[in-house]
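Next come two complexes, and both contain chain A; in the first it sits with chain B, in the second with chain C.
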Partner chain A sequence: MTEQTQTTYTPDLAARFPEWVTPDSRPGFSGYLVQREHLLDFCKTLRDDLGYDLLSSVTGVDYLPEGKLEVVYHALQTVGGPMLVFKVQVPRDEAVVPSVVSIWPGAEFQEREAWDLLGIRFEGHPDLRRILMWEGFEGHPLRKDWKEPYFEEEVKPYKSRWPDGQVERIEDRMPLQDNVQYPAGFDPESWTPDGDESLYRGLRKLLEDSGSELKTDRLIVNLGPQHPSTHGVFRMVAVLDGETIVDLKPVMGYLHRNHEKIGERCSWLQNMPFTDRLDYISSMSNNFGYALAVEKLMGITPPERAEYIRVIMAELTRIISHLISIGFLLNDLGAFFTPVLYAFEERELILDIFEAVSGSRMMCNYFRFGGVARDFPEGTLEKLRELIYERLPRKIDELDRYLTRNEIVQTRCEGVGVITAEQAISLSTTGPILRASGVPYDIRRADPYSIYDRFEFDVAVRYHGDVYDRYLLRLDEIRQSIRILKQALKDIPEGPVISGKPQWQVRVPAGESYGRVEGPKGELGFYVVSNGKANPWRYHVRAPSFINLTALAPMARGGKIADVVVILGSIDIVLGEVDR
Partner chain B sequence: MTPPEINSPGYEIPAEIRNQVNITTLDRVYNWSRKNSLWPMMFGLACCAIEMICTAASRYDFSRFGMEVMRPSPRQADVMIVSGTVTKKMVPQIVRLYNQMPEPKYVIAMGACASGGGPFKEGYNVVSGIDKFIPVDVYIPGCPPTPQALLNGLITLQKKVETESIKSARWYGRRPIQPIPIPVLGPDLMDPRKYGEIRELARQKAEAEAQAAAEAAAPAGEPEAG
Partner chain C sequence: MNGFGVIRGLAVTFRHFIETYLEDIRAGRKRYHTPEGIAQRTSSKVTGAFTIQYPEEKMPVPEEFRYIPFLVYDEGENGAKDYRCTSCGICAKVCPPQCIWIVRTNDPVTGKPIPAPAEFYIDVDICMNCGLCAEYCPFDAIKMDHDYEIASFDRFKEHIYNKEKLGKSAAYYASIRPTNNAREVAAREAKAAKKAAV
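Take a look at the complex of A and B:
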């Protein structure tokens, strides 16, 4: 893997395709600007000739002062190496871009998201509907001239919160005392709600012909959003032929908390606690990604001790997340709650350490730009050593012994929800899904960040691409994390934990930056654009759970309805991150 | 063994029958049995749901307080723990679930988001607290509340149950309890109880816009006319 990383190169695309692309020469920006007409040709060349086989992220930026909308693509080579970023600019009033779904099917949900939130229409997209908001919602919220009902000022800190030292609630200023706004002249009685009509319309044509000689009726079945095994407020709409799944569409947005809009109002540091609430099971690794993105822009690096603390926290988080994932997978298999209790027992011990270090069990808010908030309190390292050297390895083996050779686990998981390596790459999956399909892509090795190049560990990889391999892979990864933790605990130096003085208002130079970490669920990326002011101009999260869900329908098709729950469990989503 | 608090005060029970006989009121027995078997609905919205699961797990274990049976179906549940951010897209389902729960039913707003919108309050898709739509019995602060805080909230709810009386309970009233109208997803979230106000607001907005347009047009038109 390491040799391959060194042999990858970034060709000068502007010299190679002078008619198609120009280098992005704005100060602080990188990558290429592609002509809209040549986007598809360019992407095809990237994928077929240059080896950028995985399209990691698609998002948009609204440059209101210039009157432009920009679609930003991040592509990568699964053999490793840095990302390639390219952009397409379109005028705001005529925001149409060709869809790249035909080249990278993994762009499907992300293009829908860009349509929903920014109003960029993707020509040739197979199913361009709103994804996070509902059909019929007024406006595209991430456009800079769109104001939410509780709009106070463009950016925080708001002066309106404490007029004359008196606290004032925004509801009291609203006409309906509520967080709502309606178009002028609107009459609620004449409104016909969409009622998911556009969703069902696409599925109904599958109802007509079952194709078999036996005349059977096909059904549309809804699972969720209130369903005990959807891991939160997630909904799946399945077309069934008997018990077999003909097609399946995930429906999300039930936990869409407007992370990105709020993030563009907040100051840089104020966003840190919000990142905790993305993937709320692994808050520390969310902090990590955001800190990396902003540090890249600021051009600072944390001191040695802080780097070690960060790695320790990120790996502990990975252990927690994988433990919970395994526990809930067994829940979905019908082993109701008992395996989860085993997972939670270990998780509580790690949470104790998080609480000691950061003051909070779940929402740690621990990382700062250029370091971490505070040093370990006394006795933490001893506790960690006991946990890492004694308890966790023993408990992981115990879990392994109870579950791996269990007959029910094997029969229900082996050969279920299979995707091949090619599919996994084209669907833009990352993390355990990709690696369980035989692609050894781990950002910690492929494009090392922080100090991961110092540690000895193996990129866990499995080859069958089924639920069972994804389970095994998570066990492998916990063991590798323990290995990293042992080395980090041995080498951690003394010293400061933050570079410079802690600041509440950091200066971030203008430019763009994409920070990514190998989160427990996959590639967690933060795309931030700064215009040199106290708040980000654009703040986008490339959420691994969200994009991995693109693979849900291909995994489930042709399987049984009972297996969908297990397949979903093996993808391991957290709704805070899916919906953001 | 019956706990001592079930006995009405002021009655002397002879020591030899103290374990077999209780002197109490119907309300006390009724409330005592209900409060010790509050079944929560297995219903998670966001981050707080994870802490709710922790509270159910072995370390905190709320079955010690009579709540071990979590039911995924609202028809079998007594307590709805609204554990997380209530979004506009989700609130119709939450109200529907609440309507499906049989009386007596209670609602706990767990965490800052469910109580009042929390850190995400300003978001365009966030409801500023579930109490805008359904009545809440206990609010638990925290983001997320620790399992101890949730336990405290559940114990507070038990105390509330203790104060109720069969005579005045709404579920034994003469008239059937009306379900709460389910919000509708329009251009924004619409509460059917507020349709009149919404129409009035939209009319005012249209008037203000027309006036602003007229004002903007007037100064531009004057020089030409003059």
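Take a look at the complex of A and C:
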């Protein structure tokens, strides 16, 4: 099952399509700048002729001083290899770019997000509404000239804190001052919210043609935002024909806090603890991705011991996340909390280790640029060995025995929520969803980072693409993680855990970088742009649970309403990451 | 056979159930409310249910555990508090949610800054317990606490900690983080010895 990493040939696209693209020659930047008129032709060629079948990330950057907005695309080949970066630049006051949804349907949510937060209009997008902010919100918050309520200064650290820091709570000082923006002619007294008119308008079309001989009424049902099955505040608007789902639209943003704007206000190091709060179940993995992105820009590598510690932590995180995912899937099936708590027992033991090492069970904040915050305290390796060699394999087998052959689990999961490999790729899903559909794409193998090329492990892959296979795949991955951990625990060397002296102010040269790791939920990417200052100019998170949700509607269509809950459970979302 | 999988699953649950009682019989009264009982229930050898009955019993926190920061002072004569803080402001600058406010002391005659804080505030409602202030303090003056039970009745006044409330003695610090303290003391002594040698 071991997949060989293929070194793919990246042709010089600028030489091949001189009228369409030019190389991005700004210092520290790479990839290509594409002419807006030729974007669709270029993308089609990429997908059909050059094999870039999965569009991983779409985002925008506001270059306010140059008066430009830039749309950044990251495409990859599912056979493996590095990513291809290409960009389209448009003037700020006329930000219109053709939508690539017709080529890569997985761009749907990400283009909506770029429209919502940056105000880039994607022409030809089937459903270009706001996605994270509410309808009726004024402005596009990630534009550099947009200021939040309680705005204090452009960047941290704020000058009011030192050396003359008379404490004053922000809400006392600025009770909604003039930096709150309202639409033109807006009167809060007479305003009545229009609800989700535009959302329902799209779905109401489906109410009319039932197409059946019997006279049936279709109806629109809201699941959530307050619903125990949604793992947080998440809403699904479903059009039902009896019990069958005709169409479904996810609605998110209830937990939105504009993580990326916070990230641009914070200094490089200050962002590290904020990344913990994205996918709060796998904070170590989030730290890893961000550290990789910034280290790439700074041009430093961590020492050996730190690399091993990072891998150990990341794999433990994967085990935790998959355990929770399996447990809560059973919750969604109706096995109320017994399987979850069995999974939580093992998680607690791993969290004890996280606490001893990093100081916190969930908000670990453990990685630093060029290493990790501190070495393992005494006795950690012994504890880890006991856990990895003895307890966990036994407990995973127990979980397997407990659930896998259970007839109820089988009937509820087999053949439910199927997506094919082609769909999974075109919808930009990554991680367990993609691999359960038969595509053996794992960044640890496809584009190895850190020291993953040293370990022997198999890329777990299953072929049916249904809920049951996603469950089985997660069990497989836990076993592979244990395999990696055994090797890492055997080989971990002594030595320093951080390169150079720990610094609270890091110098990051101007440029862009994209750091990605195979997180438990899929490809977790951090796109950062530096202009050489103490704060990132742009900080974007490619959140796997957010993008995997694109596949929710295709999975649910034609299924029963009770299955939607299970399908959502099998996608394994964490709302902290979806809404950011 | 249909239904066999369910029965096998139920057997797992039943075993968990039995193990909890077996564990109770084996360990006797020691299992609850004693340090060794808690240690047993937090080790990887544990079987059955391993709930810690908070607040009657508490999990011991590891040395690196971090909660709200505190200011370390050395005890001088007559119980005078000699804060280690020099009000350099690194903690306030590195703090991600910007919850630290420091007022620097100025010499009343010359107007030049004196290395001691006149006032020091932390808004614990905003603090995210990341520990960066303690990590980057060059004077070992601000450290993360182990005391996590800080609930109070009034969140508006009582949750802004001033210098008095933040201050804790060096002896307390040595008691909660012995390994870290020993390492830091050794480093400080080495530095002083080096200075004396020059």
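Definition applied: the second predicted complex is superposed on the first by the 558 of 580 C-alpha atoms of A that agree within 3 Å, B and C clash if a C-alpha of one lies under 4 Å from a C-alpha of the other, contacts with A are read in each partner's own complex, and residues count from 1 in each chain.
Just so we're on the same page, a contact is a pair of C-beta atoms (placed from the backbone, for glycine too) under 8 Å apart; a residue touches a chain by one contact, two chains touch by 3 or more.
Just so it is clear, the structure is predicted and the values come from calculations on it, not from any experiment.
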First, second, both or neither for A:Leu575, with chain B first and chain C second: first
Which of chain B and chain C A:Tyr402 touches, first, second, both or neither: second
Chain B versus chain C as contact partner of A:Pro273, first or second or both or neither: both
Partner chain in contact with A:Arg257 - chain B first, chain C second, else both or neither: first
Which superposed partner A:Met363 touches (first chain B, second chain C, both, neither): both
Which of chain B and chain C A:Glu345 touches, first, second, both or neither: both
Touching partner for A:Arg557 - first (chain B), second (chain C), both, neither: neither
Partner chain(s) touched by A:His227 [first = chain B, second = chain C, both, neither]: first
Touching both chain C and chain B, counted on chain A across the two superposed complexes: 273-274, 345, 348, 363
Residues of chain A that touch chain C when the two form their complex: 156-158, 160-167, 169, 266-267, 269-274, 338, 342, 345, 348-349, 352, 355-360, 363, 365, 373-374, 377-378, 383, 386-387, 390-391, 398, 401-410, 502, 504
Interfacial residue positions of chain A with respect to chain B in the complex: 132-134, 136-138, 141, 148-150, 152, 170-171, 175-176, 178-189, 191, 193-194, 225-228, 232-233, 253-258, 261-262, 265, 273-274, 277, 280-281, 340-341, 344-345, 348, 361-363, 575-576
In the complex with chain A, residue positions of chain C that touch it: 2-6, 8-9, 12-13, 16, 42-45, 50, 61-66, 87, 89-90, 92-96, 98, 100-104, 113, 119, 121, 123, 128-132, 135-136, 144, 160, 179
Chain B residues within the chain A interface of the complex: 42-47, 49-51, 53-54, 57-59, 72, 74, 84-85, 87, 89-90, 93, 97, 117, 119-128, 132, 143-144, 146, 184-191, 194-195, 197-199, 201-203, 205-206, 208-209
